[in-house]
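Multiple structures follow.
Okay, so subunit A shows up in both of these, paired with subunit B first and subunit C after.
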Partner chain A sequence: MTAPLVEVHDLVVRYKSRGLFAAPFKPAVNGVTLSLPAGSTLGLVGESGSGKSSLLRALLRLVPVESGTISLGGEDWLAIDGPALRRARHSIGFVAQNPFLSLSPRLTIAQILAEPLLARGDKPGAEMKDRIALLLSRCGLPANFLPLRASELSGGQAQRVSIARALALSPRLLVLDEPTSALDVSVQAQILNLLLDLKADSGLSMLFVTHNLKVVAHLAEQLMVMRQGSVVEVGATERVMADPAQAYTRELIGFGRRR
Partner chain B sequence: MRCATVKGASAVTLLEIQGLSVTIPSALGPVQAVRSIDLCIARGEIHGLIGESGCGKTMTGMALLGLTPAYAQVAARVIEFDGVDISNSAADLRGRRIALISQDPAAALNPVLTIGRQMDDVLRTHSSNSKAHRAATAVALLAATGLADAPQLMKRYPHQLSGGMQQRVVIAQALATGADFLIADEPTTALDVTVGAQVLALLRKLVVDRGLTVLMITHDMDVVAAVCDRATVLYAGLSVETGPASAILTHPRHPYAAALLAALPDAAPRGQRLAAIGGQIPPSTETISGCAFSPRCPAVMALCHTMSPPARGAGNHRWLCHLAQCAP
Partner chain C sequence: MDLVRYTLRRVFLSAFVVVGVTFLVFVVAQVVPSDPAALYAGPRPTAEQIAKARVTLDLDAPLPQRFVSFATAMGTGDFGVSYKSRRLISQDLRVYLPATLELAIFSTFLALLLGIPAGVIAAARRGSWLDRIGSLGSILSVAMPTFFFAMLLQLVFSQWLGILPLAGRLSQQISISDPLPFLTGFNLIDAVTAARPAVFLDALAHLILPALTLAAYPAGIAMRLTRAAMIEILARRHIVAARALGLSAPRILFGHALPNAVGPALTVIGLSFAYALTGAVLVEIIFAWPGLGRYVSEAILSKDFPVIAAATLVVTLCYVMMNLVIDLTQTLVDPRVALT
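Take a look at the complex of A and B:
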């Protein structure tokens, strides 16, 4: 058994309500525990508002955590702060749903991919150029895309660039929030194939959030179902798909069965 | 006019389209949003209009609603609704016989008016009934869409409702117009899977209870599997296959339909590469020679590049392809 890369224990995330006398919000994440072995993928599904993105935001240290622990590679991830946190953020790459919203339309693909490297303090030059071209080709796009702008790309091409950017700093974990739901079926298949290749070639660990159970079941070793901030079902993908414990999971699996 | 259906040849055709095209002028030359679409929809069926983005699904719906942009050119050999040629009068049927249910219910509803007021606005233009009578009708229609506590709901504003409830209100409004043909353009895309499934079940129930007919525009094969009786597959503004939904989903005949199904994540065992379709849809500004799918088709032959494919199949299952047998 591989040592877990990510361990989350009893995590609670609660957004601050405005105003002194306003009633506090219910927790968006309410005592979530999970464990992700290195090199594996966890699929996280659940209805809108169930707390999936909030859990990701807590992992990415974008929202404060009320209680609970997160460890990344055995280290206390929540204890890291200040400039150390800025450096440590490189350990997690993030891919969002809509590539056109997350990629700046003014920049060329080369500039988009250089950004995280420059922010880390790498020197611009031939070596960086090579690195960028290699990143892009790993994600299935040839170097002649480098001078283009995001607005000139198809949805699938733009999502490949988002994935390349997320991998620029060689993260230990890739977090994806609905990475294929803005894409057509044929393009979704290309992106899922790319993620499968990255998994096989470089042992990428992933946390993959989606509404579409079938999409993530294709990649993930483990599935986790959330409802109203809590985990209602978790287990090996085969087990959950074959024998879902929750009616809600059964509904997700049963929808659209070919007759 | 009768079109073959799943239930047998006896079903009555509600809508018959042959050779529909929609052309929109643009700086890059004419955009052929719809190149040539045939559709035959029987009364009482849910007919899926399937295809990837940009293949002309929405424009086909807009043409039927008379809602294409003023500068667009709409042409067809045949557009008949309930036996009447509507090529010049599609807009007259909108809000009388034909209604639209769009992807984004929040955008379809007016945020500053109560649900009751918005229902009444529709009912008032369609009847001369008294206010009290209209209010009772509105409550009954909201209840028919499965909304609990309809009288209370009449006083609420759209933002106080969930997406699924908003979509039910939009459906109630469509019923209030008296329409018997609903064009539902990706009606569940903005909803959670389970909520979307409930909305689809509602549409199915309304089809049965009220004799409605639905054109279900979708890119989602799961939606087709869940509710459609028959379906038509579009590619690059062309209808390339039409038939019973179950046949298209399990034994597609056109290579594009087959490729689309093979690309679904549950078509391959977990962890195995999916059969992605290489390449892209031809741009809508491009003139197509031969078969539109030929640059991407795994079964392409020399003649596919130059000759338009012939119609194949018979009865209620037809497709356009040079292959005499079925898809690879």
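Take a look at the complex of A and C:
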């Protein structure tokens, strides 16, 4: 058994309610525990509002955590702060749902891909240019895309750029927030195949958030089903898909098949 | 290529505005209910003096011919003679315009330097005491009447603290005993050219309070606009993605968010430049600033039309150029502006 890269224990995320007399919100993530072994992929599924994106944002340290623990590579991830957190974030790559919203509209593809490298302290120059071109070609795009802006790309091309940016610092973990939901079916398949290739090549660990069970079955060894902030079911993807223990999981699988 | 095309288009539009204003000024001169010949002839003129003035001013020539002469004269900088003072208007403008331009440009820079960073800090620290103080300051700077703010600054910095001069462009001992040679009319530039650092500092000290008074309003507006735009942009997905990827806070704020947010604030500051050119009469009076505002307001009261026309054209030209600079700055900050 491989040692876990990510371990989450009893995690609670609750958004602040605004207003002096407003009732506190229910937790968006309520006591979630998970473990992601190095080199494997965990698919996180659930309907809208199930807390999967909040869990992901907590993992990325984009929202405050109310209680619980997160460890990354054996380190207490929630104890890191300030510039150390900024540096530590380089070990996690992030791919958002809509590439056109997640890529800066002002910058060229070359500038977008250079950003994480510059943030790490790499010096601009010929070596960085080569690295950027290599990153792009690894994600299936030629170097002549570098001077373009995101608005000049198709959805699939923009998502490839987004993945290339996430891989720029050779992260240990790739977090993907519904990376195919804004794309049409043929492009979805291309992106999923690209992710499979990347995983096979570099042994990346992935946390893949989606509401589409078919997508996650294609990629993940482990599956976790969430509803109203809590974990409904977790297990090997094949087992959960073939023999779901919970009615809600059966409902999700049935919905996927009807579609 | 897009930038070159955009610049040419903006220059063409600016030239069109200047020609349009020239035409408008000429038309207004023809319809105002006063006789230029009577005004030119002086107080209580005789019919003969008026008739002579009509010939001197060429008022009996056909309108198109008069427009061509008017436009040519304006284009060559020959603004004629003031009806009231009988001085050459171009000579008056050489004295008054640099004083006003120096004040307007300096106050525009102050508005940029104060308003935009304050808006960025307030948005980055939303809800904190820094945000609250910034918001209160911006509301005060917008709501407070100019004359009151000017007097308040004079009271605090000149009377109480004694660190800045009360009024004028230069200290009396400099302007009387050792005046600055007139080169450009911009005291800061002339002091540098004459290699007189003490005079430069004196001119700068005299500039601070009137410029701060003029900058207060646009800085307050720019702060509010920048804050609102930054809050909206900081919530965008590409900013969230930048944070998740470990980009530094200054890089996110100034490299990603601000270039997207600064457009409206730059526009407001550009517009306020026009106000600073002729609308700052109160500021010029309070700070005894020998500028264009006072010159024009006196010309308006005495219906000194050639002065009004010349000032209108010169201000239009300055304003158009400032807007061109602001537009081109926006394209440098955000290249997408040139593409639209």
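The criterion applied here is as follows: the second predicted complex is superposed on the first by the 255 of 259 C-alpha atoms of A that agree within 3 Å, B and C clash if a C-alpha of one lies under 4 Å from a C-alpha of the other, contacts with A are read in each partner's own complex, and residues count from 1 in each chain.
One rule holds in what follows: a contact is a pair of C-beta atoms (placed from the backbone, for glycine too) under 8 Å apart; a residue touches a chain by one contact, two chains touch by 3 or more.
Predicted, not measured: the structure shown is a model, and the values here were computed from it.
Student: Would you mind checking whether subunit B and subunit C clash or fit side by side on subunit A after the superposition?
Tutor: Here the two partners, once superposed via subunit A, fit next to each other without clashing.
Student: With both structures superposed on the shared chain, find the angle between the C-alpha centres of subunit B and subunit C as seen from the C-alpha centre of subunit A, to the nearest 10 degrees.
Tutor: The vertex angle at subunit A equals 90 degrees.
Student: Can A:R89 be said to touch subunit B (first), subunit C (second), both, or neither?
Tutor: In the superposition, A:R89 touches subunit C alone.
Student: In the superposed arrangement, which partner chain does A:L101 touch: subunit B (first), subunit C (second), both, or neither?
Tutor: Touch partner of A:L101: subunit C, not subunit B.
Student: Quick check for you: in the superposed arrangement, does A:E115 touch first (subunit B), second (subunit C), both or neither?
Tutor: second
Student: Which holds for A:L42: it touches subunit B only (first), subunit C only (second), both, or neither?
Tutor: After superposition on chain A, A:L42 lies in contact with neither partner.
Student: Is A:Q188 touching the first partner subunit B, the second partner subunit C, both, or neither of them?
Tutor: So A:Q188 only meets subunit B here.
Student: Just subunit B (first), just subunit C (second), both, or neither: which does A:I132 touch?
Tutor: Neither: A:I132 stays clear of subunit B and subunit C.
Student: Could you look at A:L60 and tell me whether it touches subunit B, subunit C, both or neither (first, second, both, neither)?
Tutor: Only subunit C is touched by A:L60; subunit B is not.
Student: Minimum C-alpha distance between subunit B and subunit C after superposition, to be given in whole Å.
Tutor: After superposing on chain A, subunit B and subunit C come no closer than 15 Å at C-alpha.
Student: Check subunit A for residues that touch subunit B in one structure and subunit C in the other, and list them.
Tutor: Overlap of subunit B and subunit C footprints on subunit A: empty.
Student: Given the complex with subunit A, which residues does subunit B contribute to the contact?
Tutor: Per the touch definition, subunit B meets subunit A at residues 52-53, 163, 192-195, 197, 219-226, 246, 249-250, 259-260, 263-266, 268, 270-277, 280.
Student: Which residues of subunit A touch subunit C in the complex?
Tutor: So the residues of subunit A touching subunit C come out as 60, 62, 86-90, 92-94, 96-98, 101-106, 115-116, 119-120, 149, 162, 165-166, 169, 175.
Student: Which residues, counting only subunit A, touch subunit B once they are in their complex?
Tutor: Subunit A reaches subunit B through residues 47-48, 154-155, 184-190, 192-193, 196-197, 211-215, 217-219, 237-238, 248, 251-252, 255-259.
Student: Tell me, which parts of subunit C touch subunit A in their complex?
Tutor: By the definition above, subunit C touches subunit A via 236-238, 240-248, 251, 256, 259-260, 334-336.
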